[in-house]
Amino acid sequence: MSDTKTRESIAPARVGALGWLLAFAVLAISLVWGLQSGSVDIDPLGSIGVLLDSIPGVEIEHGLNEIEQRVILEIRAPRIAMGAIVGAVLAVAGAGYQGVFRNPLADPYLLGVAAGAGLGATFVFAFEGASGVVPILAFVGGLAAVALTYVLGKSVGGRTTTSLILAGVAVAAFATAIQTFLLQRNLDTLREVYSWILGRLVTVGWGDVITLLPYAVVASVVLLIHGRLLDVLALGDDEAEALGVRVVRVRRFVVLAATLATAAAVSVSGLIGFVGLIVPHTVRLLTGWSYRVIIPLSIIYGASFLVVADLIARTAAAPAEIPIGVVTAFLGAPFFVLVLRTMRGPQ
Amino acid sequence: MIAWRDVAVTFGKTRVVGPLSLEVGRGEWLGLIGPNGAGKSTLLKAAVGVVDYEGSVDVGEHDLRRGLDIAWMPQRPRLPEEMSVSDYVLLGRTPHLGYVGGETQHDLDSVMGSLKRLDLSAFAARRLGTLSGGEAQRAVMARALAQEAPVLLLDEPTSSLDIGHAMEVLEILDELRKHDGLTVVTAVHDLTMAGRFADRLAMMASGEIVADGDASTVLTEANLLKHYGAGIRVVNNGDGPTVIPTRIERD
Amino acid sequence: MRRTTPLLALILVLAACGLGGETVATTGETTTTIASTTTTQSATTTTLDDGFPVTVEDMNGSVTIEDRPVSIVSLSATATEMLFAMGAGEQVVAVDEYSNYPDEAPTTTLTGFNPNIEAILTYGPDLVVASWDPGELVTGLSVFDVPVLILPTALSLDDSYTQTETLGGATGHVEEAADLVEQIKTDIQIVVDGSPVPEGLSIFHEADPTLYAASSFSFIGQLYGLLGLENVADEADADQFGFPQLSSEYLVAADPDFIFLADASLGMTPAIIALRPGWDQMSAIQNGAIATLDEDIASRWGPRVVDLLRSISDAIAEYLLTS
């Protein structure tokens, strides 16, 4: 191989122009498609028009009546925005966890945040607290569970990833046990709790979106920054340390950012599964091993995936809602198998 | 230079290394030899902070900066299969990149240089999973060299290489250290090879240094019999001591 | 002869059971049948001596009650209300934790959701009434020869009347039960006659915060229908399931004139639902045309159905007055 060719092949991994274009195109299509879908039939162009018209300084003739406007601006738009943000958060958190634990099967619920949040929510339902308190207790519960996992993991096996994962399993099992116990004692709350667990974006308004946004932005920025370091972690803790990377500190930052954002997302939208596992892993299968690519693309494709899943959730049995956790599983599993087969096939 | 001062390593309740002191001068090549379990790898790991230790490891006037002052080539490196050779060697530039930074032209040039030195230019785009044992080992060394650190700690750097490649790689190392003034410590099994290339040998057994000096001082039949316990003969000719395995007749 | 008397009684009892409906009566009582025309349940009673043993029909078929029950356990709040309203209160020894009406009902920690056979037996019941059987209630109690009546959620007013009559027969209050039913019918008619509702006035009955509604095919939906109210959930209930799930979009577009909340216990209030995205502009919210129903009354199908109807009618009347 000539010197120039060798030199050309030495390049840090990046998304590339085509990669960005494709990702944003998919996102744009998902958002527009999401805007069109719902129990009420609204003219597609009109729906985009009213959205653009709401931007200060922009005037567009959209031709929608008052009710249609409200449906678009106050019901659908925030819901799509929320779906995109939650999808992005879960996917990027999943990518972060996969990098930190060097395991492509890791998902954001690995250290117990889901079980903790579920327990927090169940507490509110079981003791008949105000429904406004559910997100707060879910958030606190999620964080508490992960904190407990860390404390347990440290006391048991030091700083290794295995001890953390095992501690996470223990904490999740414990939280789930308490939750089941509470449910048994308060069977009338069963429906509410399960409806929450299966995940929903039902009554989401701009307020919820604004609440979640800062967490999503901070987590995304932190994870984007750590992309390269996650690649170094692929060498194992020992070699990464020898290369000057403070492995424990990196792990802590990534887990903290991913967990905070996941807990916030879960507290607003319930437990939506599969996104955090499927999206980053699929991105990895399609683009390669580098987190410098997987992380940014997980953000964009995660958003698209959940927006599409949500539109299916609210149109497939309209006006009834299919719990979104069911849709993500239905969509995610076969899609994942498909990707796996096309990848392994030619080999 | 690199100096281990009163270094001791304990795993659980067992004292595995030391306390021992060992100093290697700037530009010197020390061959670390000894039977399995003597603590050679552990001693190297202590220097790069991979295991906890008592005592101190010194690299000269300033405090040890991991990755920048010492490059470590592990005995059993983790080689992610899908990474290309150039990506892998590029990881050697990590200590120079800071927390947030990205790679510069200099980093890419350094990788290019490493690949060339180890005759891996043709393999730049190949995935690690497709390399032979020897090619992979050269890639690991290339990564260590890309770090551009003044001290190189190499744990069994030629174990997968055939004799031709092993000699080639060791010659490159010798040239490099003379050219750049690098300090080299290699832990090796091949005693003759060690004697040929290193300026000085230190033999370890059960966590202690039991012999330290030039090849002919350390590689004596008495020493080898005592610590390796096998039938070994040492022949001295113009090249230096040659260790010859001898089969003992069993009656 | 002392030995043969119990034997004789046993034979007579077996005969009564085996023959199912008719008996070879030794006293003057004849069979009485009370049946309604459009119901899914019918109450058939056979009498002997003081009216017992008696066989009634419940969800699972025929149930025979040997003697007039004097220690009844009720695991259904509706059944409790019916029993007390027909004067069988003194025969009730224990009711479940949710049977909070009337006050004199002996509430315990028993639960109808997850009934514990042993706990029920500690009250020495000779009749147990419940609204559903999670699996082993009937079979478990039959081991101890305790008859169980499963009277599930009524699908119509006629169901409710039939259940009342069933309980009347089972407890020896046949006439009182019949009177109670007549009274209820009369009272309902009075409420209906006294509340004029303009054509096309539409309502939305919210059963749960995830927007499950009650359509005209549900029990309570029929009550709204009696008053002439239109139900926005009907279009979404093609399967006539009774409780379709709606969406905010659907409701904003349907824009019901009046909203009834049956999920206050789950935290829903007029103020809170107005915060839902897109809801603040709905007519009902703007006009304050929202009423919170007493959930105890709204979730039961007993004598207080009249109160439920009245509270709906009053809410509508008030709204009509002020608008």
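Letters A, B and C mark the chains as written, and numbering starts fresh at 1 in each.
FYI, a contact is a pair of C-beta atoms (placed from the backbone, for glycine too) under 8 Å apart; a residue touches a chain by one contact, two chains touch by 3 or more.
The model shown is predicted, which means the values in this text are computed figures rather than measured ones.
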Chain ID, smallest distance between chain and overall C-alpha centroids: A
Longest centre-to-centre distance from subunit C, chain (CA-based): B
Averaged-CA centre spacing for the pair subunit B and subunit A, given as whole angstrom: 44
Mean-CA-position distance for subunit C and subunit B (Å): 85
Subunit A partner contacts - residues on subunit B that touch it in the complex: 45, 48-50, 65-68, 70, 72, 74, 77-78, 80, 82-84, 86-87, 90-92, 94-95, 97, 99-100, 102-103, 108, 111-112, 115-116, 121-122, 124-125, 147
Of all residues in subunit A, those that touch subunit C in their complex: 38-40, 66-67, 70-71, 74-76, 78-79, 128, 130-132, 184, 187-188, 191-192, 195, 200, 202-206, 314, 318-321
Subunit B partner contacts - residues on subunit A that touch it in the complex: 1, 3, 6-7, 9-13, 225, 228-229, 231-232, 234-236, 238-239, 241-245, 288-290
Interfacial residue positions of subunit C with respect to subunit A in the complex: 111, 113-114, 208-211, 236, 244-250, 252-253, 255, 265-268, 272, 275-278, 281
